[in-house]
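Chain lettering (A, B, C and D) follows the sequence in which the chains are written, and residue indices restart at 1 in each chain.
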Amino acid sequence: MKTLLEKIVRECSNEWKSGRVATYIPELGKGRADASGLSVYSLSSGPASAGDTGSPFTMQSVSKVASLALALETLGEEKVFSAVGMAALADPFNSIMRLESDAPHRPHNPLINSGAIAVLSLLPWTDGGEKFEAVRDMAARLMAKPGLEIDEAVYLSEKETGNRNRALAWFLKSVGNLEGDVEEILDVYFRQCSLLTDCTDLALLGATLAAGGRNPVTGEQVTSCGTARIVRTIMATCGMYDGSGEFAVSVGIPAKSGVGGGISAAVPGKMGIGAWGPALDKRGNSAAGLAMLKRLSEELGLRIY
Amino acid sequence: MKTLLEKIVRECSNEWKSGRVATYIPELGKGRADASGLSVYSLSSGPASAGDTGSPFTMQSVSKVASLALALETLGEEKVFSAVGMAALADPFNSIMRLESDAPHRPHNPLINSGAIAVLSLLPWTDGGEKFEAVRDMAARLMAKPGLEIDEAVYLSEKETGNRNRALAWFLKSVGNLEGDVEEILDVYFRQCSLLTDCTDLALLGATLAAGGRNPVTGEQVTSCGTARIVRTIMATCGMYDGSGEFAVSVGIPAKSGVGGGISAAVPGKMGIGAWGPALDKRGNSAAGLAMLKRLSEELGLRIY
Amino acid sequence: MKTLLEKIVRECSNEWKSGRVATYIPELGKGRADASGLSVYSLSSGPASAGDTGSPFTMQSVSKVASLALALETLGEEKVFSAVGMAALADPFNSIMRLESDAPHRPHNPLINSGAIAVLSLLPWTDGGEKFEAVRDMAARLMAKPGLEIDEAVYLSEKETGNRNRALAWFLKSVGNLEGDVEEILDVYFRQCSLLTDCTDLALLGATLAAGGRNPVTGEQVTSCGTARIVRTIMATCGMYDGSGEFAVSVGIPAKSGVGGGISAAVPGKMGIGAWGPALDKRGNSAAGLAMLKRLSEELGLRIY
Amino acid sequence: MKTLLEKIVRECSNEWKSGRVATYIPELGKGRADASGLSVYSLSSGPASAGDTGSPFTMQSVSKVASLALALETLGEEKVFSAVGMAALADPFNSIMRLESDAPHRPHNPLINSGAIAVLSLLPWTDGGEKFEAVRDMAARLMAKPGLEIDEAVYLSEKETGNRNRALAWFLKSVGNLEGDVEEILDVYFRQCSLLTDCTDLALLGATLAAGGRNPVTGEQVTSCGTARIVRTIMATCGMYDGSGEFAVSVGIPAKSGVGGGISAAVPGKMGIGAWGPALDKRGNSAAGLAMLKRLSEELGLRIY
């Protein structure tokens, strides 16, 4: 496996050139565009890595997997999906139009920004600090990484520049689809986006979901089997922003990307994959990550469809 | 004139039944639905009134006329209309969709909520308090009403529930079309919407605009002739929300309405009209006000088209 | 007057450079981009012209004024405006989106393409040929031009390439807002767009509307006074496509433009104006025409607002 | 298996009550609302059926699976997906808005109406009759049903009332995304929608796709393995109209529905399923079909996610 991963990393070493490092959060713009890493955590044979799999980067939207899992565990499927939909959206991740045009003004799914914010507002902790700790704890257990930290500089940068997310949150508030204090919920959102991970963490995150919620390293049943399945399904249909449909055809694995350049993928019953490369395509998905996952999926026949 | 106004008020006394008092700002919901008043300030023959023209109500969107006039006077036409457009919009006054769908994400005109907020952000006072005082002063001079007060209960109610306006403002901020502190600008907006006027005030406001910016009571040249003309034109095309086109056909006079139930109309070179009735049609325009203005326009042949 | 018009034509002789001749109808693309003409028909002092006012061009959307007038005369205001709205639209003239998004799927106004097609479908002649003759007759009487001809080459070009209009018409048909045979109605539409006029014709068209429907040359009362007023009003709010609001501020006269480069304007009670220049701005309005009308409006103080 | 299917049909016998038989194609409205059938074609154990699996109904949108497969086989993936996208759409199946709002005005996927029409226009037969025969032949081979007929009454009804599809096709034509004669392509579309199948046919259709394109009854390799996989993937993300995301969570199998009440599902490597019930939910999917597929997926653990 390690040899295969190294071959793929090498062969995809120029893919980053088609992308650009995200700059809308200024602190993210400092990433090294040509870095890349690829990790696998196989449920049968354990971990393997190639490339730069130890460099830390922020989870960004990959963290939405953790908050969605937490919401499903604590509130149940019915309550979560009465607040957000399950529909893929052919709009950018931060779009507000469809919130207004489509009654009942409910975010289309929990993995776009408005949906993730709505999910956070649902969580049964009223204090923002406790809410964030619960999300961090879920993420830590999914990745067997107890000392999960946030990147303070990125967090402050997100908080300072996250005005589109403020618009989304206030819109949700105005139509009665957001409980609690808007700025406090956004603070949790900005914090969870700033959680620091690396490629191997994201491989284990995928592996835990692939294993029905049971972390293969710690042995802990972090989520129920049903929660893990729902999360994998939503990742499959909505995980790669408006590129989700294309990703299903080209790669065919449930996955979630983040603008930090990370992607976590879950091959049901088989393995988790973490891919990283900070240069993003126009939809916000890691250019190198997409290329490496495509190669890996083809080589190992991982498509679920 | 007074006899005519009394006849019109009497004949339109049931028109309020087709409308409903605004309740989205809870404090507004307390208005007496069946009240109505009609005032004229003729540039040749002075004031005349009928009905309940002394009861105070909040200006709401009618105040956007004052802030637009102030912006044009202090910044000039070019600067104002590089920040907001001049196009009528077939959407509700608080719509956010078109801000996202239409590049350059500029409010379509200065009389919808997003446009009025953008205009406030432009005004050359950085302190919110000073900015509000400048708007209040402009409104006071247009209406010859030095002691213009705000309704504190309405103001607090707007501030507490104005979340859609917060979404609009943060969206503008996120696309670089809003300078300054968002909540401070919104505070100015909520305050100006809460300014207390009556029917006779709105008639004089219209008369000052009709007279090319010269207040016929005080004799003060409040705005330049060009500013008054631009304001009248924007009122004609955009002043009645998404009912502006229909109003042009049925009434045919530049006018601006507010959800407090007031309408101020300016017949160029002839007169100003103030109409009031708290029950609103589905677009947010005073039901009785529309009916009375239509009758008055027909009786006196006031259409400009 | 003639001296003034000549000065304006001369001073605006480079304005065409900011525009482009329409090419979406291939036959239109053959127009000479730098031609321009300006005609006035004053209700007090008769005609005056400058520039190239005798060259023929096709009416295109200016013809919608004639079909709207005909519909109002034969069907009445109520029937016409139950089929189309009166709202200006901040979308291009051939847009279909809002037809779907806004119930009741009614064209927003009679001067955008979908609205003009809907108006044609209403006309009380079932045969397409008769329908066209009725529109041509109305146009001929408004312009005192009995031998009004169509440009066969432009007509065939429109018919061959008018697929967006076919989409609009079939959409209207699918939502029950179009009576009759779609291709037959479109044929009337393509024919009326191809009617050949010149600058002096459009000046007289405007003059007839400005005179309350009475043609000042023939003395015929072509439409009722009320119809002329409604047409002028709709021209003022919707006549210049999505540039109508800006035109109201910069020129301030009811007017209708066509992609053939012509504009007909009606100054109520005063005069009609015909302006022509084939190079169009990005909204489809004649670049030279806009500039000349702005100058003329300023020089003569023609603004209605 | 047969016992299980009978139990499911019985337990879901009231599900049709939440739906309504399609009436927008008048001929469809004649269907018996409470009929239902469920068929399985297992790649290991062959066919099994319960309920009314022999009654004929029209394929409607299920036929898009055949035309997509044909296009992929004859033109290749690249060419097909340069004409249509792969993105799920949160709009109704006949929506036109997004075609205009989203450049490059390409249908979002091949399973919505506009996308299916665009795919038909691509097929390398210029004559409409030959084009239809090619689609019919592909459908017949996928279902091992040589004598595949169309329901003439439904076909004529579709042809007469398919005006929204005409609007979609003309729009595509107007933006250069449709080759050939519009009405001729639509005729192919209306014909393929009118192909008569039953539940067992749709089970075999799914089974052939599930078996990588090899029909398990005839043994013919109808499509390449890659084509079958792409079709299954697009079915998974886009097959159930705007209910695709919800279907992925609740059922979790690639499937395509039609307004005739049929659904064909393909469980990769395992089986095909045909479900039928004419009463549709508000998105156009068979109410009984959804319920039966959910039960079957749960009982047999068929989810792919």
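Everything that follows uses one rule, which is that a residue touches a chain if its C-beta (ideal position, glycine included) is under 8 Å from a C-beta of that chain, and two chains touch if they have at least 3 such contacts.
Because the structure is a prediction, the values reported are computed rather than measured.
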**Request:** Would you mind naming the chains that touch subunit A and likewise touch subunit B?
**Result:** none
**Message:** Taking each chain's centre as the mean of its C-alpha atoms, which one ends up farthest from the centre of subunit B?
**Reply:** D
**Message:** I'd like to verify one number: the distance from the centre of subunit B to the centre of subunit D, where each centre is the average of its C-alpha atoms, in whole angstrom.
**Reply:** 54
**Length of the line joining the C-alpha centres of subunit B and subunit C, rounded to whole Å** = 32
**Request:** With chain centres taken as the means of their Cα atoms, state the distance from subunit C to subunit D in Å.
**Result:** 46
**Prompt:** Among the residues of subunit A, which ones contact at least 2 other chains?
**Reply:** 101
**Prompt:** If you go through all the chains, which pairs of them touch?
**Reply:** A-B, A-D, B-C, C-D
**Prompt:** Which residues of subunit A touch subunit D in their complex?
**Reply:** 81, 85-90, 98, 102, 108-109, 229-230, 232-234, 236-238, 242, 244-246, 248-249, 252, 254, 268, 303-305
**List of subunit D residues in touch with subunit C within their complex** = 95-97, 100-101, 163-164, 166-168, 170-171, 173-174, 182
